[in-house]
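A quick write-up on the structure given underneath.
Going in written order, the chains are labelled A, B and C, and every chain counts its residues from 1.
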Amino acid sequence: MRGGYDRPRFLWLVTALTYAFLFAPIAVVVLFSFNGEKSLQVLDGLSFRWYEAFWNDDELRESLMASIQIAAITTVVSTVIGTALALGVIRSRGKTGSWLGILLLIPLVTPEIVAGVSAFVLFAQLGVHLSLTTIILAHITFSISYVVVVVRGRLATMGTDREEAALDLGATPWQAVRLVTLPALWPAILAAAMIVFALSFDDFVLSFFTTGETPQPLPVRIYSALRFGISPTINAVGTVMMLVSALFIGLAVALPRLLGRQESGMAVLTGRSE
Amino acid sequence: MHVGNGIGRREFLRGGAGMVLGGSLLSAGCGVGQETGSEEAVKKVVPAKVDGDLLVFNWTEYMDPKLIESFEDRYKVKVRTANFDSMPSMMAKLRSGNAYDVIFPTADYVNRLVQANMLLELDKEKLRNAETIYPFFDNPWYDAESAHTVPYAMYTTGIAWRDDKVDGISGSWNDLMNESAKGKVFMLDDFQEGIGQANLLNGFDLNATGEEELEQTQATLEQQKEYLRGYSTNAAPQLLSGAAWIHHAWNGDIINTRNQAKKNPEIYKFETCKEGIPVGSDCMAIPVNAKSPGTATLFIDWILDPVNASQNIQYHGYPMPIEGSEDSFAELAADDPAIEVSTDDLESGSQFKELTVQERKAWDRVWTEVKA
Amino acid sequence: MNDAFWRRFLVPGALWLAFFFAVPFGIAIAISFGQAAEFGGVIYGWHPENYGDALDPLFAPILLRSVGYAAATALLCLAIGYPVAYTIARFGGRWKNALIAFVLLPFLINYLVRTYAWVALLSDEGLLANLVGQPLGVLNTPVAVIGGLVYGYLGFMILPIYAALERMDPALIEAGKDLYGTPRQTFWHVTWPQTLPGVLAGALLVFLPAVGDFVSAQLLGGPDTYMIGNLIQQQFYGADNWPFGAALTVVLMAFLMLFVIFFLRGGRAAERREALA
C-alpha cells in the first residue's frame, strides 16, 4: 500500500490543505466584513455596520439580484446548448464535428476586453439598447465553450454500447439520449453548470461593456470601487452570499435524510441514487 | 472572466479616447447615431426645476451618499447611481446610447465631449452656487468659458512615503530611487504618470515626446525600475500593509491611507516634487441625452453649495475649488500642506495634454520596453 | 443513431455562436486592420502594418513569460486538483456533491476582493507575517503571480477531472488490483487512462484563459512579471490604440490555437500508441 493511491488518510490531508488554500482569503473577507472601520487592511473594532449598510442600500441589493438572475439564466441556457454541442461534436463522425470541436476553443482564448468591445460594437450596430438581456446574451456566448469542454471530457470516455442496447430494446433515438446518455453525463453537466454560474456571477469586463444604465451587476460596482477603495460592505455581501449558498448545500445533503430517505438531496436532484 | 481592468485609481484616466468607436462608426454612416449631439441639441434650454428622477454616473465612493439622500428629501425625487471604473469605460457607455443625467469626466475628457457635442451647455444663471467656484475655472483650457462644466475636485501627483521606514526624502522625483527603500518602491501603473515624472526629472516638459528626450526618459525609467517592487495604482493598501515604503501616488491616496490608519496616521507622508507637479481636475456635466436635465441642474447646484461641499470633501478626501470649503480639506490634510492643491498649484503645475496618435505610440513603446 | 441524428445537436449552438461570436469576432478583425483615430477610437481601413508591429520581437519575452506562467499554473492545478478530485470521487461518499460544490463556493466572493484578502494575509506586515515573525517576501514575485493564477483557476481543473472519475466503476478498480497488484500500478493502468479526457479538459480550461490573464500580474506581480494580457489591456485602456490591441489579440489567438491543435494531435498520437502497446 505505498504511494498513497489507495490511502484515504494521505489523500484527505491533501484535500484538506487544498480547501484551506481556497478558503484562507475567505476567512479574511468574513473577518473584515465585521470591521469597525472603513478599511480592508486595518482591523479596528467589530461592528455590524457594513451589514446594516448592505441592508439599507437598495441599489446594491438590486445589483446582487441582477447578478444572480444573469448567472442563473446564463447557466441554464448555456448548459443546454453546450451539452447538445458536445454530443454532436463527439458522436457525429466526420470532419464537421471535429473541426467544430477545435473552433469551440476560440472563445476560451479570447481576452475578455476584446470580447467585451466586439459584443458592444455588435449591439451598437444593431441599435439594441443595452440591458440585462444583452449581458445575458454575451455571457451565454462565452460560457458555451466551457460546457462543451467539460461535457466532452466525460463523453469521450463513454462508449455507445448502452445507447445501442437501448435501441435494440426498441427505444427511439431520442429516448436513448434522454434515458441512457444524459443520466450518464449528469456529473459532467452539473460540473459544467457550476463552473458557468461561478464565471458568470464573477464576470466584470464583459458585463461592463454590455450593461444598460441600471441595475449594474455586482462585479461592475466592485471593480468601479477601485479608485477610492472597496468598502467593507462588499465583504458583507460576499459573506451573506456564501452563508446562504452553504445553507442550501447543507440542506440538499441533510434534508432527505431527515425525511427518512436514503439518497442525499443532491442525488435526488441529479436523478440518481448512490 | 475575471475582471476587468480597471484595477486602479486613475490608471486610465488620461489614456486616450478609448471607446469612441461609436463615433467613428457614425462618421462612416453605420448608424450608431443617436448618442452624439448636434450643435442645436447642446443649446437646449433647461428649466431649473425638477423634471424627473435622476441617474448619476460616477466613480464609486466619490460622493457622500448622505448628500444624495438629503437631495432626495429636499426635492422629493429618486436618485439612482451607476458607476464606471475609468474614463474610456465611461465614454463607451455614453457612446452606446445609455442615458445618464450627471457625469463626472476628467478635464481632458471634457475637451473631447465638448468637441463631440455631447454635453449640454450649463445655464450659470440657474446655478446659484456657481459664484462660489474659484475664478481660475472661469475659462479653463478644456472648456471655453466653462460653458458646459463646473469643476468637482482637484488632484496632484507626488510621492507618498512611510516616515517610520524611510530616510533622506529630498522633495525630488529622485526619491523614487531612495537607497533606504530599495525594493520597497512602487511606481504608478499608469503610463502617463510614469513617463511624465521621468520627463520632469530629466528637466523636460511633462508631455515631452521628442526622440532624444524619450530615449533619456526611458533610461531613467529603467534605472528607477531597479528600485521597484512593482507597479500599482493602489497606494493606500500597499502603504498600510507594509509592501510599499515609497509609493508614487495621487494626493487623495494619502488622505485615504491616513483615514484607515487610525492609530498612527502621521507616519504616512506626501510630497510634491520640485522638478514639477502634475495637476488635474474632475468636472460635473450633463450629457445631451439626459432625461432629466432640470433635476440634474438642481443636483449640480446642490453639490456646489459650500456647506454640502465641505461635507463631501470629508467623504472623498479631495479638495474642491469652492470658496468656503477650504477648512474642510485643511482639516484632512492636517499637518501636511503638500497634500493641498491651491489654484497656484493649478497655475504653476503641469497638466497632461492630449497627445497625437504618433506621440501616444511613442510613449507606449517606451512603457512597454521598460516593462517587458 | 446515425450521423444525421447527431448532427442535429450541433444546430442551436452553431447558430448561436455564428451570430453572437463569429460576427463580433469579425468586427474585432476589422478593428485590427484599422487605424487609431486622433481623438481615440478607430478608423476602419486596410493597415496590415498593425500585424508587423504585433510580431515585433520585443513582445516575444512577454509572450513566452505568459505561456510559461500558464503552463506552470496548469501543471500545479493538475498536481493539486487531481488528488482532490480523486479523493472526493472515491472516498467522498454521500458528501461528494457537497464537497464539489464547496470547491466553487469561494467564487461567490469577487476575485478582486479575494485577491486583496491574499494581500492582507501575505504582505510584509500582514496576518501571516505577524504569525511567523518575519516578512514572507512572496508578494510581487513570479511565485505570487502563478499562485494567484492557481487560486483563480484551480476549480476549473478539479471539476472536469471529478466528472470523469465519478461513476467510474469500482469493479474496474478491483479488477485492476487483481491484475496489477499494487494500488500504484492499478492507478496508472486503470484509473489514469480513464480520466485522461477529463484531465485534458481541465488543462484547456486552465491553460488557455491563464495565458491571457492580466489581473494576477497586475495585483500580485512585481517589476518583471508583465504578461501579454496586461499589454493588450494597456492598448485599450492606456495607449488608446484599439487596432494594435486587436492585432495583438489575433496574433495571440492564432498562436494559442496552433499550440492547442499540436497538443491535441500529440495527445491523440499518444493514445493510439498506447492502444497498440
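Quick notes on this structure:
Operating definition for what follows: a residue touches a chain if its C-beta (ideal position, glycine included) is under 8 Å from a C-beta of that chain, and two chains touch if they have at least 3 such contacts.
For clarity, every value in this text was computed on a predicted model and none was experimentally measured.
A complete topology is adopted by the chain contact network, contact being made between every pair of chains. Pairs A-B and A-C differ in how many C-beta pairs touch across them, and the larger number is found at A-C.
Taking each chain's centre as the mean of its C-alpha atoms, subunit A lies 36 Å from subunit B.
The centroid of the Cα atoms in subunit A and the matching centroid in subunit C are 15 Å apart.
Counting partner chains per residue, subunit C shows two or more touched chains at residues 31, 111-112, 116, 120, 209, 214, 233, 236-237, 242.
Each of residues 1-3, 5-8, 19, 21-22, 237, 241 in subunit B touches at least two other chains. Across the assembly, subunit A contributes residues 40-41, 112-113, 117, 121, 125, 142, 199, 202, 219, 223, 226 that each touch 2 or more other chains. Taken in their complex, subunit B has these residues touching subunit C: 1-3, 5-8, 11-12, 15-24, 28, 86, 88, 91, 112, 115, 189-192, 225, 228-231, 237, 241-243, 354, 356-357, 360-361, 363-364, 367-369, 371-372. Every residue of subunit B that touches subunit A in the complex is listed here, in rising order: 1-10, 19, 21-22, 25, 30-32, 55, 59-62, 80-85, 89, 92-93, 95-100, 233-234, 236-237, 240-241, 252, 256, 259-263, 316-317. Of all the residues in subunit A, the ones that touch subunit B in their complex are 37-42, 44, 59, 112-113, 117, 120-121, 123-125, 127, 129-130, 142, 199, 202-205, 208-209, 211-214, 216, 219-221, 223-229, 231. Contacts from subunit C toward subunit A in the complex involve residues 1, 3, 5-10, 12-14, 16-17, 20-21, 23-25, 27-28, 31, 80-81, 83-84, 86-88, 91, 93-95, 97-98, 100-118, 120-121, 127, 151, 154-156, 159-160, 162-164, 166-167, 182-184, 186-187, 194-195, 197-198, 200-202, 204-205, 208-209, 211-212, 214, 229, 232-233, 236-237, 242, 245-246, 249, 252-253, 256-257, 260-261, 264. Within the complex formed with subunit B, the residues of subunit C that make contact are 31, 35-44, 58-59, 61-62, 111-112, 116, 119-120, 123-126, 129, 135, 139-140, 152, 209, 213-215, 218-219, 221-223, 226, 230-231, 233-242, 244.
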